[in-house]
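Two complexes follow with chain A in common, the first pairing it with chain B and the second with chain C.
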Partner chain A sequence: MRAVNPWLLFLPAFIVVGFNSFLPIVYAAYLSTQRFYLTGIEAKFIGYDNFTALMFDETVWRSLLTGAAFVVTCLVIEIPLGLVMALMMFKESKLNRVIRTLISYPILMPPITVGAVWLLLTRPDIGPIPNFLNQFGIVYDIGSNPFHAFFTVVAMDVWYWTPFVILVFVAARASISPEQYESAMVDGASSWHIFRYITFPGLRYALVVVLLIRMIDSLKIFDQVWILTSEGPYKATNFMSIYIVKTAIGQLNVGYGAALSLFFLFIIIILTFVMLKLVFGRRSSS
Partner chain B sequence: MKRIITIALIATYMVFLIFPLYWLVMTSFKSRLEIIGGVTLLPSNPTLNNYYRPLFIDVYGAYIRNSFIISIAEAVFCLALAIPAAYAFSRLKFKADNHFFFWLLTNRMAPAASFLIPYYSMYVYLKLFDTLHGLIIINSIANLPFTIWLLKGFVDGIPKDIEEAAFIDGYTFWQMLYKILLPMLRPALAVLGLFIFVFTWSEMLFASLFTTSPAAMPLSGGLLHYLAQTWVNWGEIAALTIITIIPMLVGIFYLQKYIARALTFGAIR
Partner chain C sequence: MFDMSEKKVDRRTWIATVAAAIGGLAVGAAAGYFATPREVLEKMITTTVEKIETKTVTVTGSPPKPEEELIRWWKEASKPYSGTTIKVLAQAWEPNFYLRDVVGPKFTELTGIKIDWELTSNELVMEKEILDMERGTGIYSSTYDDQDMVGTWIRKGWTYDYTKLMDEHPELIEPAFNPDDIFPLPYCKDAKGHILSIPAEYFPKTYIYRTDLFESPKEKEDFRKKYGYELRPPRYYDEMLDIAEFFTRPPDLYGFIGADGAKAHEALGFDFFETWFPSCGATGEGLDPYPRDLLPGWGINTKTWSSRMENGGALDSPQAVRAIETFLKWLPYAPPGVRAMIYVESGEQQAAGKVAQAITYTQFLSTYANPELSKIAGKFRVTLPPVDREYWRPYMPIGYADISGYTIPWCSPHPEAAFLWAQFVISPLNELERAKAINTTVRTSVLTNPALDPLDAKFGGVFSLIRDPIARKYFVGTPLEIGDYAPLLYVFYTTLAKAVAGELTPKECANELARAIDEELVKLGYK
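Right, the complex of A and B next:
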């Protein structure tokens, strides 16, 4: 009855994922030791010089800092907004179901279309937002003002991902047992106390999950920004992914690009590992 | 009073969410002159030209076909590989299974941009560049781990007794898998298949850089190239964007209640 070997069942998937991840990482590691431009000049072995250059590359640290500022700004807006909205529309009613379906449409939109839509909204020549602000004498230009560029990308992310935060909190709120609320009502607890001692503890796990997943996803952001601002004025939206693609495709600097790729991959893998330990660790160890 | 505030807040939020879509749809029906001429809330002379030229004169019809082929094939491919793997992780103990399971998800979370450079040379060398199957393989780096991870959760939910009864009745393992387990997983497979379809349809970086010809380029890549080439006809860009979104909007009615679970890898049910 146990005639089947688990390795055999896992093997095809392992080969495909392995081909897609081990091979490129090994190859990137090789490339990162080369001075190599895709311009026909022969590659030259330079050891870990690319990584030394990376440590002293101001743009790398600025990109990471821009990314961190972006993640924090987005989360500070998305989490409270998502929580408030979720608590207003979690009850099971026909209207709430319709509202929840309507608000979730951005989640399934391809990121490139999100970028295109926000480009149509914010371009200084044709966009309704700059046009509207112009009537009050406000000049709004994501192409030349670094703050406008950065906060427009934040607004786009809030628009894109808050619905996901709402849906997670709705699901978590629905799983808190109603009896807890009933007995609190009987005891005459204030609505603040109910939130503080029943709702909030019930949502804490969802909060950790959504924080970590949104953090990693925002740090990796690429498609929408590539379309909307690219690296942005004064590199205001030059996130790490953008910098890597610019280095590889714009400057054809493959060796250094590979070093950047590995460095960024390393950061994301550490964050993912922390997430897995915090979110799934307790379940899988049991 | 509290109710009025609630309604006002939800209404404001919904305007913020829906206005961009409204604007996109309206732009797609405007003529080029009207778009450049200033902001109008409704198109003064609604036209379908923005849809006609890209689809029937330009090559975007081929891109749509490629997108469908790649996304459907990707869904079938990932599910076929994920079903046995998910079963192994759910039911069988093997050495280092937890480490493999975690390793899968690190692949899902890895940034696509960091694989760009090595993939490029690999794909040219292996003749996978500018082919449909090349894109199908590359997409599975994120989709296959996603599918296995979630499918394991669904298999966990099926009681073991049913399988054991089947084995006692003399079923071999593969008979049990296809005749007993698969029918019970069918709703889960449909949902996961749709999610894979959506993710593959949405993928842009590899789609735009690893394909060059209408024989292989999907819609997301085509849209990026259009945006990069002609900075003039915004109406056509809006129309193409809508065409890229429509299959996803159909999915939202079916997938809405699974989004929280899928995008948190089953951490939230």
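Right, the complex of A and C next:
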């Protein structure tokens, strides 16, 4: 029987990945070198002019800054909250199972539905949130107040994604062997020491995964924000994804939109690389 | 001194006298016309609108053929295309649901031509049809979109020329298809007069007010005491703001809302060039034809392709500044959260009876008139929108006519069948029933049909309003010179949003808008 080149076995995967990821990126790279409006104007090669333009585009930097603030705020809330709740409900019991099922409900919803639900919750005329806050004299308006818009999107993200964080931590906590806890207790370790030296190291890789996924996800956030606030007052929620879509689809400026997309992709790759290096690099050195 | 004796006047003297009389009358009329004080003309306009309920308009065009004859024609003409399926791309909303559910099946039954509907959002219609036409993929046989796009089709040449199609296939022209009867058609033709889109909807963007409030003796009395004049639909924005202030009684009633809310959204852009800029005079005079060198609402000069005053444009003019100021002035009288609203939410506020007056899309009137969906059913009326007292001049546009129609992409796989469908929608076989169901028609013969009279009051007098050809002239479509609607709209709304948010003063915003539009026009290759 003739030996088959083992690389051939990778071929289907190469084709799928290449078609799904590589080709669009190559096409985006091509578009980014064009002055190309989707309005029938002849596309014109302009080299790296689109990239030069984005370097001087105030909205790009403002959007990145807004995105960074959003990611940090979300992670600072979601990770500790998720961790605490996971530790409270990781034990197998009927009540915990019910609670875990109930709190998982948001992640089953499509993002577009989440946006629509929050739009109804926050509508100044019929929304329960503004009506509740009005009782305390707080005028809540995501249409005119940039802080309200920004923190409402943060709240929506926390509501939507904290259950995911909880589930990952619950699974990770369940995988730590009980013997370690028993030994620690026999040795008289305090609760803090048990958390510091057993629980936290056991959850470290789950933490990295959650951080990585949530960071990238939060940076890319689009659907919910598109529905809820769009770019928001004072562009308070004009994240890069929103700006890219408004440029490429709203303004039909496909060439510049492609350049923005590639630039954004580059930033996400760099951030992911740094995160992986920080965590796994440290692991291999230790 | 004078010879009073009877003397036969010769023929030459007769002719000279009559000619002098006619000439004198013409000169006098012209002088009178141009010298008529603004107030008199305004009065003429407003009284025209007030009187139109009793006005009768002569129906132009040939009378429709009898129904049976038309049905026979449709069966015969469509035979070569029977069994064809045409894919139609259109916006997902009530008028198109009606076409899908009522008119479409009737068309299929008569002609054997099936329709595969793709109903989606307005933005996606635009994006998908442009992609289809730009790439020539030939997915859609017909697309149904806003007249805003006709300028784009003219500039790009991406659609079938109906006039040529009719020349090539005279056998496909419905005997009742009479271009003179289709009143929004001038907005769907190119400079040569060729038809690029067959309109099927005409919805003016009007002023709407609550008759239960405006006609209440107590409210009238209180208003007179407070402001010193009668409570009535306002002619000017200062009056509108008085009324807005008077009726602002939170949390149940607010004074005013614009048709598109005030969210940083595309709607903010089109609200300005549809309503606020024209009604504040940021445009040239002249209605039909409008001044081709200064585009109504858009403030762009087509000779210089600039929006700056120094180049004949108007976006940094005092009129544009006034429009932005006026927009900001009504915001305090709007329901809370107006800065998070677009046209949908604005319509909801109106239907919920939350506002005393508004600018509205008349597409929503059938909802407002439905007591199951609205609290203002039977309690509203529409009329011409107010204007700026200082800057608006008679014979300037006031507002916008939202016209939609069928275009055939150049790569359409079934242009003939698509042409038949476009005609069928507005065929006399359907048009009257369609007008009754969704309160729109594009045919003068249907608009003036007494069968619509009982519905006129239900829909707030909208038919009366647009039956008047003078009043109708004040609502203009998107200028046909706008060949890049979407990119320019983006610049409009993102810049105007800064004024709404308070980042820029109206003056700064107007200057920034003119600068940004000029920059975009260069990018788009206009100069």
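Following the convention adopted for this analysis, the second predicted complex is superposed on the first by the 253 of 286 C-alpha atoms of A that agree within 3 Å, B and C clash if a C-alpha of one lies under 4 Å from a C-alpha of the other, contacts with A are read in each partner's own complex, and residues count from 1 in each chain.
FYI, a residue touches a chain if its C-beta (ideal position, glycine included) is under 8 Å from a C-beta of that chain, and two chains touch if they have at least 3 such contacts.
These numbers come from a predicted model, not from an experiment.
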Inset, instruction - Would you sort A:Val274 into first (chain B), second (chain C), both or neither based on which partner it touches? - result: neither
Inset, instruction - Have a look at where A:Leu133 lands relative to chain B and chain C in the superposition and call it first, second, both or neither. - result: neither
Inset, instruction - Using the touch definition from the top, say if A:Ser144 reaches chain B (first), chain C (second), both or neither. - result: second
Inset, instruction - Look at A:Arg35 in the shared chain and tell me whether it touches chain B only, chain C only, both, or neither; answer first, second, both or neither. - result: second
Inset, instruction - Tell me which partner A:Pro124 touches in the superposition: chain B (first), chain C (second), both or neither. - result: second
Inset, instruction - Check whether A:Ile249 is in contact with chain B, with chain C, with both or with neither, and answer first, second, both or neither. - result: both
Inset, instruction - State whether chain B or chain C is in contact with more residues of chain A in the superposed arrangement. - result: B
Inset, instruction - May I ask you to decide whether A:Ala43 touches chain B, chain C, both, or neither, giving the answer as first, second, both or neither? - result: neither
Inset, instruction - Have a look at where A:Gly232 lands relative to chain B and chain C in the superposition and call it first, second, both or neither. - result: second
Inset, instruction - Applying the touch criterion given at the start, work out whether A:Val210 contacts chain B, chain C, both or neither, answering first, second, both or neither. - result: first
Inset, instruction - Return the residues of chain A at which the contacts from chain B and from chain C coincide. - result: 125, 249
Legend entry - chain B residues touching chain A - in the complex, by the definition given at the top: 6, 9-10, 13-14, 16-18, 20-21, 23-24, 27, 35-36, 38-39, 81-82, 84-85, 87-89, 92-94, 97-98, 100-102, 104-107, 109-122, 137-138, 140-141, 144-145, 148, 164, 167, 172-173, 198, 201-205, 209, 220, 223-224, 227, 234, 237-238, 241, 244-245, 248-249, 251-253, 255-256, 259-261, 263-265, 267-269
Legend entry - chain B-touching residues of chain A, taken from the complex the two chains share: 1, 3-4, 6-10, 12-14, 16-17, 19-21, 23-25, 27-28, 31, 81, 84-85, 88-89, 99-113, 116-121, 125-126, 128, 131-132, 159, 163-164, 167-168, 170-172, 175, 205-206, 209-210, 213, 216, 220, 222-223, 227, 240-242, 244-245, 248-249, 254, 257-258, 261-262, 264-265, 268-269, 271-273, 275-276, 279-280, 284
Inset, instruction - Under the touch definition given earlier, write down the residues of chain C that touch chain A in their complex. - result: 123, 127, 130-131, 134, 152, 155-156, 158, 262-266, 335-341, 345, 349, 352, 354, 483-484, 486-487, 489-491, 494, 497, 501, 503, 523-525
Legend entry - List of chain A residues in touch with chain C within their complex: 35, 37-41, 122-125, 130, 139, 141-144, 146, 229-235, 246-247, 249-253
